[in-house]
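A, B, C, D, E and F are the chain letters, set down in written order, and residue numbers restart from 1 in every chain.
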């Protein structure tokens, strides 16, 4: 079977429980089991080839640009780990089916489990370190889900997050490490990396890469100082612990170290970092395990210890040590998984995992007792079980070290001693001793489904112990060959003769037994001793980290608009000044225009009005009047400086804006209070002054220099009449050269009106509507709303303004004006009517559908543009001609006029809809609607209402 | 002919300028809001009117462009609107600074419209009908 | 001759503008300011017209027309705001 | 029919005139267009001018306009003198009430407009029922004389025009 | 002349920036208006200043000069767009005022900081306590 | 000339206009036609993507004017990619808006939606600097409407800030354009490129200033530190679908930076590397700030908003050097982060809707559909945090790989990797609180519907003509459609992952095209057959 398929099968299996769970728990379990079994068989099919020393590879290019390829390989190491993962996985699936209760959503469990299994399989089978990283992180994620599976348990949630955080952090470090490694080696393919050991170890980046990769491996394999997450991950259901935290996930780090062993090992850095970390972990884990009352806690720390052991062996960097490491991986997986399952059975049946509450289960649960005892003895390293074999090998290697031999010997023996102690304690304090009366449940042996899996493993423990070479030797050889890169043939014997290792072992067993005897006083001392609690520290760190982040965020982004805009302004000024100063400004090329007295006066007025505006901005109506002055002068300035169109537009926009602001100001407070400190005002004034000076200087510098190249507008002046058919170049630009801009612009205006309308609709509902209805004006109001003379004058002004609007619209192409200004003029005229006779009265008489005007405007402009298509020309290509109708004078008809009509309609609709919406708010808050056009008609004649 | 027009224009312009200035000066000089209202609405109106007339003559007689009657239009517009602005500002003044007691009362009783506070006749009141005035 | 008259007139209106500005800035009431603003608009019309004569161009006609119209509307809007608060009711 | 086509004939005429002024050059085509506008625009705005004032006597209207223009010029000089040379302390501003004979809103508006346009007087307000105007005089040592003058000089003529 | 225009741009910019740094929406809207004046004049002046040469093609004049029409067209577009934007921001400021009861522009703390409540019931309790305060007329600013 | 090039602008514009012209009272019609328009847009975009894949730059001369004088549209690979991305996101999110009932909570949702698409499409296609401004404004103003859709005090306040800030940004945009026009006398991008290249080295200050200001404008849209302040409150308070669509909006800023600083101001022009010098540190800050806030904030929507900021930071880190590898990695990450951020906002909205609108990470009873929602959240969080197996991881790998030779490599890698951990911590905490811890409380009846109290059941009106009915219809959400749309986005991410090879190939071709400005200059300026003389 293709390696890719093997890796894919568990993922495919992950889909099954979700689909099949309605058919029952057994079906789901069976489906997963089948997928796993298939994958296992598929893996084993390759055994003969591997035994011949071949490496099976397959895969395809995924992202060849950076060398991320979906390459798989099966060699001895992959075979070993694959077998562990899939084999124990199969047992776990069986075990979990019986372990989980009816209320647990088992489908979800199997999905997670299969995801995890797939990720692990991927790690061990893949041949590309980037690809490996993907599976690596996937194991972190799926284990997060598995640990947090019992979501009602706080320990589960916290443990899951802790595991995710620690392994995730490690994973990130590893990403960096792997990328560096790949950069050094020039490839991300494992096979090529393994072949370029010399290049890698000679690189100045070697240490960095090594440390980063090791951080990844250590976090995953719970090495000191990252070991603390593993015990807390034990909150997961026991099948998870048995699977992830004994057999598979935690071994991923070991796998990686083994995988990269040929490329990375053998240097002093490797030796000191890896082996010392392993040693410390081994010792520390074993020591703490002695004092753990929780069965799973004990096993967890023992796992930490054993992982340390293997790490240490890998760190030695010798081939023999590597063999020992590989062998211990197998052994540890068998006995530790069996032990976890046993612990799970005890928990399941007795209702507790606390050693203090247990004891004397030997009679009640004989099968469990046998299984547990065998496994525990193996863990203690008692001959003839498999644990003994690998431990002997470890001690032998320690004895043959070149550096730090004594330290390692003493500490390794000590660790073995503790290991014996807690293993024996597991047997003695759980199964032996007097039977108790008050177990939480009534303990008895479980059904076959629960014990067959650990039982199988216990048998393996014994078999490997007795016949190591036949049962496991070939596997060890194959994987050791893969690890070291050199063909290995190991010979494992129970009896090596009396050597240092045996003596150390004997010391450890004897010492362990003695220690167990002294357990009670030791435990008391342990309980009394102050010791750092990893979880508390971690939680505090995370909590404080979160708080710090929150605080920092809150400091930076505190919702203050002033700060945001100040940051913007300062950035702009700073960057602008930087850019200006790093460039070179050319010489001044334009003479200054003379300053005439009247413009000087206008300038003076502008400056004064601007200054007053800042000074008096708290008196809002006054500020509006001052804005009006500034706008007036700006538009006159435009007129003075040869821009009549701009003057027209500016002044008409200005008045609409003022009306808009007045409508809004009706509700807003009429004055702004002093709320800011002097200091803030000072800072703001400083920023403002800086910006003003900067921008003014830029403008001045710009105006005194000519264009760097001829501006494109020369062409426009030349062709405006010839090809655009209009003498007002600005208008021709607007409706023809850059008609597309105008198309966007009228859309903006239309959208603005739609937004305003939509917002009004929202405001007129719900809470704000009630507020509005209860609204009391602050203002003293005059008596007449629609003064007679105003009404009458408007009757005359409105038609006149309409005529003016038509004129401006028609003349726009040749003289200042155009659809936009015309639209505004008509809108202003209509507004005048609204002001004079009131909203309701006016609205009743002229139900212009403003929405439709906007829509029609946009459509008209677009359709005019599209019309050019039928001429085979692009969008908005204009055409024009002169037509003569009888009686009428010759007149020009340009398609641009259709476009301008669109502009006109859109502007009219938009302005009216916007102001209309605003005044609807006021009406909502008001009381009455007028029926007559004016407040009082002297003729006292009231017309009938429509 | 052209000389006459030139002289005429110059005179009108000078006069208009003086009136314009006087109007604005009155705005500063006169003592209270109501009196200030007089100065600009008149003098400025005639000032601008003068300028417009001058411009009219200029374009009719002297300009290189064809004759233009535009200024007449603007004059009409200003003369049409000036009284209304004056009225509205006067009303604002009354509203802001005058009490009805300080004013002469209308002969037939009642009150000046500006002070007719809150006395909207019941006949003019009407219920809300929101959907009819949405404006779409 | 005409150009001297033009300069004289524009100076008159310019100084008038300054007086209006004085009234806008230092006024006892807001109605006065609106009045001054209205006067300013009117003066501006005069100035633009003078400018048109000076450069002998008719392109500013639309602008003056609009100034007249718009000045009126905005003054009415201000006044209505002072009187009623709600300018369209 | 004609009434419906021309809701406000004078307005139509005014608009034709305005259009011709705007176009700024006489052509028959422009006149046709002006007439079209003169018909359509008043039709469009007719709802806002529901009642039709009765106006009679073109000659009277023209003579009224001429008189007002003359008054404006004369009074401007007077006001200029007041503004320039009369010290503020000698100023005698006054409010005067003008009871109205006029009934039509248009007529009242024209009267008020005339009062405002002629210097020295500003019409400030209208009584709530529209039967009196409140006028402010810049300098009126004798308010009653001003009132009588207005009534005789302007209102009388307007009554003739409008009723 | 250039110096006048440039200093006017500078002054309007400074005023605009100062005003947009205020804490009430109205001042910010005014500031935006000032800024858009400033920027419109700036954009306009990129065509450099020319007096008496409006870009209306003139058949009568011999050898006419015209100013650069393109910036004018751009400014026209900009004016219209900033008008639309101003309209929306005014409306939205008004909406925020009506809904929220004050016209500050800064986000209230509730936006960032979790209210100290644990359950739905607490929240409902809070709502009912706060009810009278909410029905106050809009005209009265909260907290000023 | 291929008229389809303008379709991405015209189609939504016309549909938006038609919706307000004829269908403004009928929600059903709006939905149907809105969907049709967006679907067509997708087809057109895919066609354009295919069209662009031959490596030519296609030019559409509006008004048939010669190139620097009229406005042109430029269709290249980059524009086509961005268009396709936009239309995919828009279509899916639109479905979500139907499903969640958001489009019924106020007026004109569909019209604004179309106009928004018009603005985005126009911005991607245009080859004219000022026209870019116009379409920026179109998309911004439509986004204002979409942002405050549904109302509410906090949303409106945030909306005011959003507008105010972007108004300042638009002002700056005009200033920058003014400076550039004043220096070069042209607005067409290709012509600009030509003229910038020929610029005298003695007179560069104005042009440089213009270029930097322009960059700042785009940085405002992209929310790069220290111009990011507008984003958190805006995105956090925007309606779910709007926020999801906004995922592409901030990318418009990035797009514009890429466009201008590859085509107009390449690193060897007089503008030199000033953009890089400023952008890279800012991008690092942006990333750090975003991820710190993800770990620190206690509001779900703000978390999503900050995740969006962080993704922009990552993206800009990659883009800032304008190197071929960096750009192509950045483009990949841009596609990923757009879809992922969109999905995140949708999921957050799903959760918030099921928690009665409560977005705070605090104890609440378990929500309805917790299983499926939690799965979606988990997957989306993986995507956004850049964990495998989704495309975020590949994107990050690409970026790390692209920056391996960079002098700042240590800073870049350190920031990206360390801050990823922050995201993991933040999302882990959020998920645990939302989906695990919540089970300690009993589920509460009546808390499972959309925002606000549930009105009485009744027939679903599709007409929107009185004030009251809008309230009624807000109830009738169809969660199936909502879930489907999130699934679709995640599916896109999965496809992006699987097809990483071909996609990256296309992107690196794109980058090659972008880094060859001569291609654009030639297509726009030199080949002008058929245009007016």
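In this section, contacts are C-beta pairs under 8 Å (C-beta built on N, C-alpha and C of every residue); 3 or more make two chains touch, one makes a residue touch a chain.
Listed by chain with UniProt protein names: A = Monovalent cation/H+ antiporter subunit A; B = Na+/H+ antiporter subunit G; C = K+/H+ antiporter subunit F; D = Na+/H+ antiporter subunit E; E = Na+/H+ antiporter subunit C; F = Monovalent cation/H+ antiporter subunit D.
Just so it is clear, the model here is predicted, and its values are computed rather than measured.
Work out which chains are contact partners of both chain B (Na+/H+ antiporter subunit G) and chain D (Na+/H+ antiporter subunit E).
Correct list: A.
From the Cα centroids, identify the chain that ends up most central relative to all protein Cα atoms.
Of the chains present, the most centrally placed is F.
Give the label of the chain whose average Cα location is farthest from that of chain A.
Here the answer is chain D, farthest from chain A.
Averaging only over C-alpha atoms, locate the centres of chain E (Na+/H+ antiporter subunit C) and chain F and give their separation in whole Å.
24
Could you grab the centroid distance between chain B (Na+/H+ antiporter subunit G) and chain E (Na+/H+ antiporter subunit C)? Build each centroid from C-alpha atoms only and quote it in angstrom.
The separation of the two C-alpha centroids amounts to 32 Å.
Find the geometric centre of each of chain C (K+/H+ antiporter subunit F) and chain F from their Cα atoms only, then give the gap between the two centres in Å, rounded to an integer.
Whole-Å distance between the two chain centres: 47.
Taking the mean of the CA coordinates per chain, how far is chain D (Na+/H+ antiporter subunit E) from chain E (Na+/H+ antiporter subunit C) in Å?
That pair's centroid distance is 41 Å.
Taking each residue of chain B (Na+/H+ antiporter subunit G) in turn, which ones touch at least two of the other chains?
18, 25, 37, 45, 64-65, 68, 70, 73, 77, 81, 83-84, 87-88, 91, 93, 95, 111, 113-114, 116, 119, 130, 136
Hey, what residues on chain A touch two or more of the other chains?
In chain A, 553-554, 557, 559, 561, 565, 569, 624, 640, 644, 665, 695, 702, 711-713, 716, 737-738, 741, 745, 748, 751-752, 755, 757, 759, 762-764, 768, 777, 781-785, 787-790, 793, 796-797, 800, 804, 815-816, 839, 851-852, 917, 923, 930, 935-936 touch at least two other chains.
Which chain C (K+/H+ antiporter subunit F) residues reach two or more other chains?
10-11, 13, 15, 17, 30, 34, 57, 59, 65, 69, 72, 76, 78, 80, 82-83
List the residues on chain D (Na+/H+ antiporter subunit E) that touch chain B (Na+/H+ antiporter subunit G) in their complex, please.
Those in contact with chain B (Na+/H+ antiporter subunit G) are residues 18, 21-22, 24-25, 72-73, 75-76, 79-80, 83-84, 88, 91, 93, 95-97, 99, 112-129, 131-132, 134, 136, 138.
So in the complex, which bits of chain A are touching chain D (Na+/H+ antiporter subunit E)?
783-784, 787-789, 791-796, 798-800, 802-804, 806-807, 833, 837, 842, 845-846, 885, 887-891, 933-941, 943
Which positions of chain A touch chain B (Na+/H+ antiporter subunit G) when the two form their complex?
Going through chain A, the ones touching chain B (Na+/H+ antiporter subunit G) are 757, 764, 780-785, 787-790, 793, 796-797, 800, 839-840, 843-844, 849-852, 912-913, 916-917, 920, 923-924, 927-932, 935-936, 942.
Where on chain F is chain E (Na+/H+ antiporter subunit C) touching in the complex?
Interface residues on the chain F side: 130, 133-134, 137, 140-141, 144-145, 148, 151-154, 156-161, 163-164, 167-168, 170-171, 174-175, 177-179, 181-182, 187, 233, 236-237, 297-299, 302, 356, 358, 360-365, 441, 444, 447.
Quick check: in the complex, which residue numbers of chain C (K+/H+ antiporter subunit F) touch chain B (Na+/H+ antiporter subunit G)?
Chain C (K+/H+ antiporter subunit F) reaches chain B (Na+/H+ antiporter subunit G) through residues 1-2, 4-6, 8-13, 15-17, 19-20, 22-23, 28-32, 34-36, 38-39, 42-43, 45-46, 49-50, 52-53, 56-58, 61, 64-65, 68-69, 71-72, 75-76, 78-80, 82-83.
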